[in-house]
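Naming follows writing order (A, B, C and D), and every chain is counted from residue 1.
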Amino acid sequence: MFKMALQVGSTHTPEAVLFWIMAPMAVLAALGMLLVKKAVHSALLLAWVMITLAIFYIAEDALFLGIVQVVVYTGAVMMLFLFILMLVGVDSSDSLVENIKGQRPAAILAAIGFGGLLLSLIGRAVSHTAAVGLTATNADGNVQGIAQQLFTRYVWAFEVVSALLITAALGAMVLAHSERKHISQRQLSVDRFRQASLADTAGLPASGVYARHNAVDVPALLPDGSAAPTSISSTLEARGDIIASEPFELTANEEEEN
Amino acid sequence: MSLLTVLELTPLVGAALLYAVPKTNAKLIKQVAFVLSLVALAISALIAYRFKSNVSGMQFVESHSWISNFGIRYAVGIDGLALVLILLTTILTPIVFLAGWNEADNGRWSVRTFYVLMLVLESSMVGVFAATDVFLFYVIFEAMLIPVYLLIGGYGRGERAAAAMKFLLYSLLGGLLMLAAVIGIYIISTNQIGGTFDTAKLATLHIDSGTENFLFLGFFIAFAIKAPLWPFHTWLPSAAKSATPATSVLLLGVLDKVGTYGMIRFCITLFPHATKTFTPLIIALSIISILYGAFMAIGQRDINGLIAFTSISHFGFIVLGIFAMTSQGISGATLYMVNHGFSTAALFLVAGWMIARRNSSQIEDFGGLQRVTPVMAWSFFIAGMSALALPGISSFVSEFLVLVGTFTRYPVAAILGTTGIVLAALYVLITVQRSLHGPVAPSNEGISDLNLREKISIAPVIALLVIMGFFPKPVLDWINPSTNQTLQAAGYTDPLPKAGK
Amino acid sequence: MFTSPNLNYALLAPILIVLAGALLGVGVEAFARKELRAPLQLGIALLSVAAAFLQLMRVRDQRSITAAIDSFSFDGATVFMQAAILVLSFFAILLISDGGNFTAQASAIPGSEDEHSSIAEGKSQTEVFPLTLFAISGMMLFPAATDLITLFVALEVLSLPLYLMAGLSRRRRLLSQEAALKYFLLGAYSSAFFLFGGAFLYGYSGSLSLNSIAIAISSNTGNDIFLLLGIVFLMVGLLFKIGAVPFHAWTPDVYQGAPTPITGFMAACTKIAAIGAMLRIFYVALAGDQVQWRPIVTVISIVTMLVGAIAAMSQRDVKRTLAFSSIAHAGFLLTGIVALNQSGLKASLFYLVAYGFATIGAFAVVTLVRDSAGEVTDINRWVGLGKKSPLIAGSFCLFLLSFGGIPLTSGFIAKFSIFTAAYESGNTSVVVFGVLTSAIALFFYLRVIVMLFFTEPKSDAVTVSVPSVKVSFVVAASVIVTILLGVYPSLLLNSAQTFATFLR
Amino acid sequence: MDISNYIYLSAILFTIGAIGVVVRRNAIVVFMCVELMLNAANLAFVTFSRINGNLDGQIASFFTMVVAACEVVVGLAIIVTMYRSRRSASVDDASLLKR
């Protein structure tokens, strides 16, 4: 499958070793991205693929891109992904249940066909490929070469990209920024102490407690003052360890006194 | 500016004027519309007066660049064929205005809208017959569907929305096929003589036969739907049943003639070879139309349905005459177009009055009208006789010419066509017998006869039916040069009379 | 060693003016008082679009392919399409500014207390205006770009604001956010295809510029398989953008969910930009390889027309119906690409303008039809609208007739000229299918007209809100243009003819 | 080693990304798959840059990275908004729109 005949398009052994170690791992990581259930794992696998690519870029005489790949892509973009995953919930995972029956096998089949076709076409194409290599082009340094191109030939596109950056910032603002009008906890407590009376500064008393005795063998009282036998554990009842509830019942005149 | 353009603009100006009249003043609106249609009639009379019948080719020619990128021009001009059809239009329009004075009162929209649509329709009918630029013809051909659609859907009876829709869809479908053919012939002209839509120039193109057949079919199917020829006729009965009498008259009397007119003007002139190829098929279709229409008419209980099916039969005759490719055949067919216009006008108008009075369109509901309403009954009788092609009434001449013209080339077809006449006698007489004679049905006793307005409006139609029956010569004089030209373009000459005749 | 690049700013100015307007708009968001923002933003947006148009008219006769080194071609087609985009955007901005279509606060959760209070406070998300201006600048650049990088950047500049704005609907916000998500994911997906295709074209020709790709094709130096892969992937990306079958699935959802003015803007202007770029790519860069791509585009064109027309019939939502109609129109427009001749370019230019005006007008009408809960797009509730407001319903019918290609509307001339071009190039099959599809499409346009005019209104039918000056202006202008271009198309056809050139 | 192996790798990664977009349901994962596709395209650009012997491909990659960064900002903002509204980032749950 791999044609070794083309001398111009071939490189020295170290790169081959690098490629044959890293490339299969990258493919496995990419496949894993598809197969793992948790989004976070997918993100980490993608980061791995990106780092692999960065190494490849450097191996392919694209030093600048290799660095940018690590800094911008793996560093910034993937971190953003991870942030969002944290926000949405790290546990967020896919249900791997199919929604449309037969969709997944069909998609996989189509993809294998698509990929196979693609690979075989490329396979036919590359036998004619002869690489020029970048040694001459990079004579003044890769970064210098890119800068030269970027600020002359592609300066217009470079200028227009600024519109894109502003759009992105503006877009994030529109969707995420909301004017604060919730009062913070701190403000709430300050307000509490500034009010006229300090009577309920520590908070209001808890509502409705009706028991007059705190032993477990004394029944609770219902709102109308009568005892509630069911409030006593049935074990105590079976053992007969119950105190008569009458003394604790709230009588009518007692209520009036209060 | 050619008088033709003036004639096209007059109804449009009228339509614009109607917007100056307050919407509520229905009477004034009707009067303005009627007067404008009379003005149009006068202008067309002037055109007819100035028309030179001994000159072949187009007269009153006018041509301006319209869409220069495609070589499209506003080009008008008439020969005898177009003249008679324009006259048919301008004569029938004031008649239907007068006859259907109260038709618009119960429509979905206002009276004004009705008359605006009618006047726009008149203008576009004149335009479609006058156009000598294929693109202009096509645009008007399609655009005039909209007013008819709105007239049926907005002012008709019964299942009017559905009928209007059916009409529009059929016509638009045909129109689109024609559009493909129009584009095709334009491209061929671009390659050969520089892009043009001028009919005369297009006739000089050399088209390879496969393409020509396709282009011919594009045009022909559009016209066959319009004409309507079996099997493209199914929209007609429902439209005729739902439309108001005035709309029906213009639709069947004039608008559908665009189909047969287009066959002569475009199919035969532009595609003579394809015409030869398809003639047997078309003759067969027209015979089927004649017989099918007649049989269906016999079985009809609805009076408008009856008229619609008789029309299908008559259109069969017209198409038969056209594709017989003899001078009598084409002249007869052209004359038939005019006569059929007046004959259907009479039928629809009288039938409309009958239906309005009786509030039913079933034939068996009209028993003994002869005794109750003699004038109406006689009018209906005469109209029926013209549909039957009784000698002495106009249709006879044209039907005779068609059959004679056909016989010299296609004897079998002519004989089969003659059966159609017998069937016509059957369905007309049965209808007349059922509706006019016999005992007076009790519910019919209170029916009033035609009032003065109705009498005035039907009188000219009946007069024309009779006059044209005895004295068709002036019209034939107009028609004949253009007939000969058509035959010449198609490369036919009249077959010599067989020895021993 | 480093020579500073020489840009022709006069020719880039139309784009730069719009961008400047957008930046000014961002500044207004940051510094202006709340109640001042909306009028200021509207003024800035309209002024910058108008100024850009004036500048464009000033330099319309200049031609240059080196205006921005090799990235930008200022030729006839560029001028025409930029002018069309600017005029239509002007209308779209008027619609956008017409109150009540956008959410009061995008960050508030739908149905929350927060949302209610921001509505009560009468807030509005005025960032829409700068976003629109950014999108316009991208649209202006996209059909003019002559290298793959600029094309890609322009594609993103025009898409990102649209993704955002699709999610800002005031009512049915969940639906709207969902539309934004779908639009975004599929848009990004298609960008990836575009880019991958670009990579292969670069691999084929060794250059990113369209002209060099054309030269590589004509000199036949590269590897044909790379070329084929490049064309196919690039095409997939572009077909996604114009909503051609089989990449059309997003269109109805996004059209339905997005705020109606944005839908109109998207439908009219994005189509011009995307078709414009496609025309340039296929006419300039890939014309030499037509044997490979022309059959594919022909088939896609036919299938797109058919699917759009047939699927539209079963729709019950006005906006979805219009979406499928736009799919069908994408098919018709692809016919112009298949034609691959000067008439094809001319016809496409005319078609885009005619379609753009009818579309903006139609969506303007959609914003007007409401009930107490807001816009009503259920077609069954539009029944009998013709009786209540004949003018508005009549205009809508006119736009539909134009979509259907009835004579004396602009749509007819557009279809006529594009079919003529295709016929001229020998692609009769496209014409035949085009005509057939027109017939099918007419069926559903007529069905809507019947509902509006020939059916009695139901009790729960909707009202037409009294149109503001802005909306009436948009509707009236669209009506006038649609009729004028139908009756006297030479007005625009002549300039389409003059400007139908690509500089190479 | 043949340089074209990088192109095979790029095609494989692109294909995996393209499948991922279709089969995965979580919007964030779908988006990550798009990123994978963009990375694959970048690898192709860089490799072709080496084969062609000019830097245009590397420039294209650079632009792709910038553009992708912007796209991520916008895309994640949209996804977060969606998530806040309905507590789910699944594409399937986003199906109010009629299919």
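Quick note on the criterion: a contact is a pair of C-beta atoms (placed from the backbone, for glycine too) under 8 Å apart; a residue touches a chain by one contact, two chains touch by 3 or more.
Just so you know, these numbers come straight off a predicted model, no measurement behind them.
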item: Whole-Å gap separating chain A and chain B, where each centre is the average of the chain's CA atoms; value: 75
item: Distance between the centres, which are taken as Cα means, of chain C and chain A, whole angstrom; value: 35
item: Separation of mean Cα positions, chain D and chain B [Å, integer]; value: 65
item: Mean-CA-position distance for chain D and chain A (Å); value: 17
item: Of all residues in chain C, the ones touching two or more other chains; value: 106-107, 149, 153, 156, 160, 163-164, 167
item: Residue list for chain A, restricted to those that touch at least two other chains; value: 118, 122, 129, 153-154, 157, 161, 164, 167-168, 171, 174-176
item: Topology of the chain contact graph, where touching chains are joined (line, ring, star, complete, other); value: other
item: Inter-chain touch pairs (all); value: A-C, A-D, B-C, C-D
item: Contact set on chain C toward chain A in their complex; value: 1-5, 7, 12, 19, 22-23, 26, 29, 68-72, 105-108, 114, 117, 125, 127, 130-131, 134, 137-138, 141, 147, 149-150, 153-154, 156-157, 160-161, 163-164, 167-168, 223, 225-226, 228-229
item: Contact set on chain C toward chain D in their complex; value: 106-107, 109-110, 148-149, 152-153, 156, 160, 163-164, 167, 173-175, 177-182, 184-185, 188-189, 191-193, 195-196, 198-200, 202-203, 206-208, 252-253, 256-257, 317, 320
item: Complex interface listing, chain B residues touching chain C; value: 66-70, 108, 138-140, 142-143, 146, 153-154, 160-161, 164-165, 168-169, 172-173, 176-177, 179-180, 183-184, 186-187, 190
item: Residues of chain D touching chain A in the complex; value: 1-9, 11-20, 22-26, 28-29, 31-33, 35-36, 39, 42-43, 46-47, 49-56, 58-59, 61-63, 65-74, 76-81, 83, 89-90, 92
item: Complex interface listing, chain C residues touching chain B; value: 346, 406-408, 412-413, 416-417, 419-420, 423-424, 428, 431-432, 435-436, 438-439, 442-443, 446, 450, 453-455, 488-490, 493-494, 497
